[in-house]
């Protein structure tokens, strides 16, 4: 029983990390159909931002709080640059965006190696996040609770943005019917750019959160990018709630299977489950209803 | 095609003449080529760049002191790109296209196993500088890192001495941890130590919550860690955050050296034991000079570690062999190798002519708050290499 | 179009003969046995590229997991070679005896037979492709989903290989082969024979791809890429059309893998995972994905550039590879094969009266008659 619960927590925690990595993708992939393989490197950029901020400020607690918004802006600006320089001309070729952004990700990784060195760097966790916390006789690592909180906060903020702001309305309109949105006077161009900024910024935030968990090196992003895409695919396009459910379900499935088998088998089993699931629901958990054929 | 098939040698003919290329080494001029084959890109570049630097330092020092048999060394450097296939291809290039006298490098067991047939079929020489899982010896490879009886077995002796009655094994999912754990389990069985669990994580795995949960639930006296690379960072952060400490349940690691401590974060790993044959803190004139020279060449913030020291040593050992054989020819070197010694930073090491490993002293160290490792326990004298663990009764049947 | 020379029947035959002479006579005469081995490796990549050109360039399926089929062919061949090398007394390959004492896994046993091995190399990759292809295409899974799924497949395949070192050699993979169907791999004459088998296979695949492209099926495949719904309305099943191309591509990748093993002498998970799978696409994109010869020449050129660039600048190659992807795919989607028409487009745009429109992405040079 105790194991079951602690694995449930581990799964939710793993899911929250997946969710943070995938949330931005749900936005950029969902709205614009851009398959951004460089999203992983935006996560990496967020992690290195945390490293640089800590180097400047010193204090671990303060620098963590400063890193979160800074990394959001760094990730967002990278995304903006990518959109303006390359992706803008490629919206009618969504599959090609995958290859272009893969090229960008190779360059960014090598850049990180040349700037920060090949060795991994460390961001110290603040004292108030070290060690476990005890709830009802169970112990949970504080860092994992903190990441869970960040993930939930990101989802709440993003949902609020989509539901209540005019930007959100414009984004939803563009997702549902780009041509109609445009002819209704929405500048889809500006909407695209803003969406990409927000989506990429979320990758930066995910990067900061990941510094609490593991190593910060140039291949940080590659560890998450495929899983993040699978979350979006399972969740369904254009829906935040789909990504949320998918992330937590995959996280819990992974940790439960891993407990009774091994980490390798769990990874493969989860993938097999996804393929089977897509047989039943090829459009993912939630579908945006449109009248278009494809 | 029939013609071609007709003239090719069958395996049963004894493999044909071959075109063993090592003979193309050119020693007529004032210089001789040596090859350095390290991963300069990819995931292993983190570790292997430092080995390359150490090799370069050794080559510069040898050249500064007049070279080998009066010939200056010309280094041909190649990138193994962290991929076994590339290692095999580049090794072949160094031997057959560049005609180097010997190759130095490799890190992962995969890279070594990929290169081994290349060196054997061309009868060329590889100097491999990293501790490894043993159960191997080749007349074409000199192993200057530790084999199992110089690292893993002493580490187990140490844990036993400290009173560990049970162990938990955590490792990456590949040949070194699996072979190492096989040896550890045999040792444990013979010494009345209980192995409470054995977990493998895929290479590059970053979520250790489940594995750490299992470790915590098992509550062993110590953890034996054979994880590799970035996984160590995630593992130790998780370990600390789960409330586990070096005092309550020490984690003895065999793949974490001075170089890796910075990336993991000293705070996450301070006080944990590690097993090697060299630390930067060794107090000897040879080591002080090595550390000073290294910092002089690459920057004061750089640290030195066991694989770097073993790589540095390997070039001097090769020099010793060549000078003893008075020849750069591989068969002559193989004949002369036994007994060649060097006053290395780790202490005096001697080549074993039978298995091509070297006798080294085992040291268990503890990671200090300054990020360096200080010796806590030593085997006292160099341990003769025994890659197949033939002199250990409990290991009977492991190599078969 | 610049490949118009290949449209006339005699021009096609002439080009084919020229390529055959270059590969089978000129290259072996000029290159050292080491360099010839490297060329043999590039030819294996080129075989995969022919299939990618068909599936991606013609069929519009972004195949990010060709490493899986390449790996299946390679590992099947490698298992056979390891079993053939195994000492007759035990029948257990060297690496297995080292790690465990359990003997040879049951599913290895069939590959003791050379015939079974060759049949498996030809059948297993397309079987997997048909399974995945029908599963995704029938359910009309979107193009992007298919790309991501095929990529995830590559990841899972590599994880499985690494996670089972007792039966697959783990991250080291399988290597140290002594013979190839009884012929010693150390004999230069046999290595030459292998190279020639690879060259002939490549030529055969190019010929097959050309026949497919100019056939009615080829037209249908292009139609599926450009307007899948219309094909469906015309009464065809696009899922079948696409699956066939995917399966053919899988066969080509499988054969390439099977030849890669004796030529290069090693196969490891690093050669089949996500990164190498996408790496295989660079050459195709550079050469021109929709053309017949673009993928072949592109793959050979990129593989050659990788070897020679990485010899001089280890980190430079990563930049070059990344930038190649970005520049070619973003600015020259037709690859170098379309360079001439793009330049002509620019020239014409400068002349005021007639403004040329964007150069079209798909150039149908191969199939226009």
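By letter and in written order, the chains are A, B and C; residue numbering begins at 1 in each of them.
What we mean here is this: a residue touches a chain if its C-beta (ideal position, glycine included) is under 8 Å from a C-beta of that chain, and two chains touch if they have at least 3 such contacts.
Here the structure is a predicted model, which is why all the values come from computation and not from measurement.
Asks: Please identify which chain has its centre, taken as the mean of its CA atoms, farthest from the centre of chain A.
Replies: B
Asks: Can you pull out the chain pair that has more C-beta pairs in contact than any other?
Replies: B-C
Asks: Can you check how far apart chain A and chain B are, centre to centre, with Cα atoms defining each centre and the answer in Å?
Replies: Averaging C-alpha atoms per chain gives centres 38 Å apart.
Asks: Let me have the rounded angstrom distance from the C-alpha centre of chain A over to the C-alpha centre of chain C, please.
Replies: 32
Asks: Where does chain C touch two or more other chains at once, residue-wise?
Replies: Chain C, residues with two or more chain partners: 159, 162-163, 315, 318.
Asks: Among the residues of chain A, which are close enough to touch at least two other chains?
Replies: Touching at least two other chains: 110, 113, 262, 264, 267.
Asks: Please output the residue numbers of chain B that touch at least 2 other chains, ranges allowed.
Replies: Within chain B, residues 41, 173, 200, 202 contact more than one other chain.
Asks: Okay, in this complex, where on chain A does chain C touch?
Replies: Those residues of chain A that touch chain C are 29, 33, 35, 86, 89-90, 93-96, 98-100, 102-107, 109-110, 113-114, 226, 229-230, 233, 262, 264-265, 267-268, 271-272, 274-275, 278-279, 282-283, 293-294.
Asks: Sort out for me which residues of chain A touch chain B in the complex.
Replies: 3, 6-7, 10, 13-14, 17, 110, 113, 118-125, 130-132, 139, 141-144, 212-217, 219, 223, 255, 258-259, 262-264, 267
Asks: Report the residues of chain C in contact with chain B in the complex, numbered from low to high.
Replies: 32-35, 37-38, 41, 95, 97-99, 101, 159, 162-163, 165, 170-173, 175-179, 182-184, 186-190, 192-193, 196-197, 200, 264-268, 270-271, 307, 310-311, 314-315, 317-318
Asks: For chain C, which residues count as touching chain A in their complex?
Replies: My answer: residues 60, 62, 64, 132, 135-136, 139-145, 147-149, 151-153, 155-156, 159-160, 162-163, 228-229, 274, 278, 281, 285, 315, 318-319, 321-326, 329-330, 333, 361.
Asks: Can you list the residues on chain B that touch chain C in the complex?
Replies: 1, 4-5, 7-13, 15-19, 21, 40-41, 78-79, 81-85, 88-89, 92-93, 96-97, 108-110, 113-114, 116-118, 121, 135-136, 173-175, 178-179, 200, 202-203, 397, 399-400
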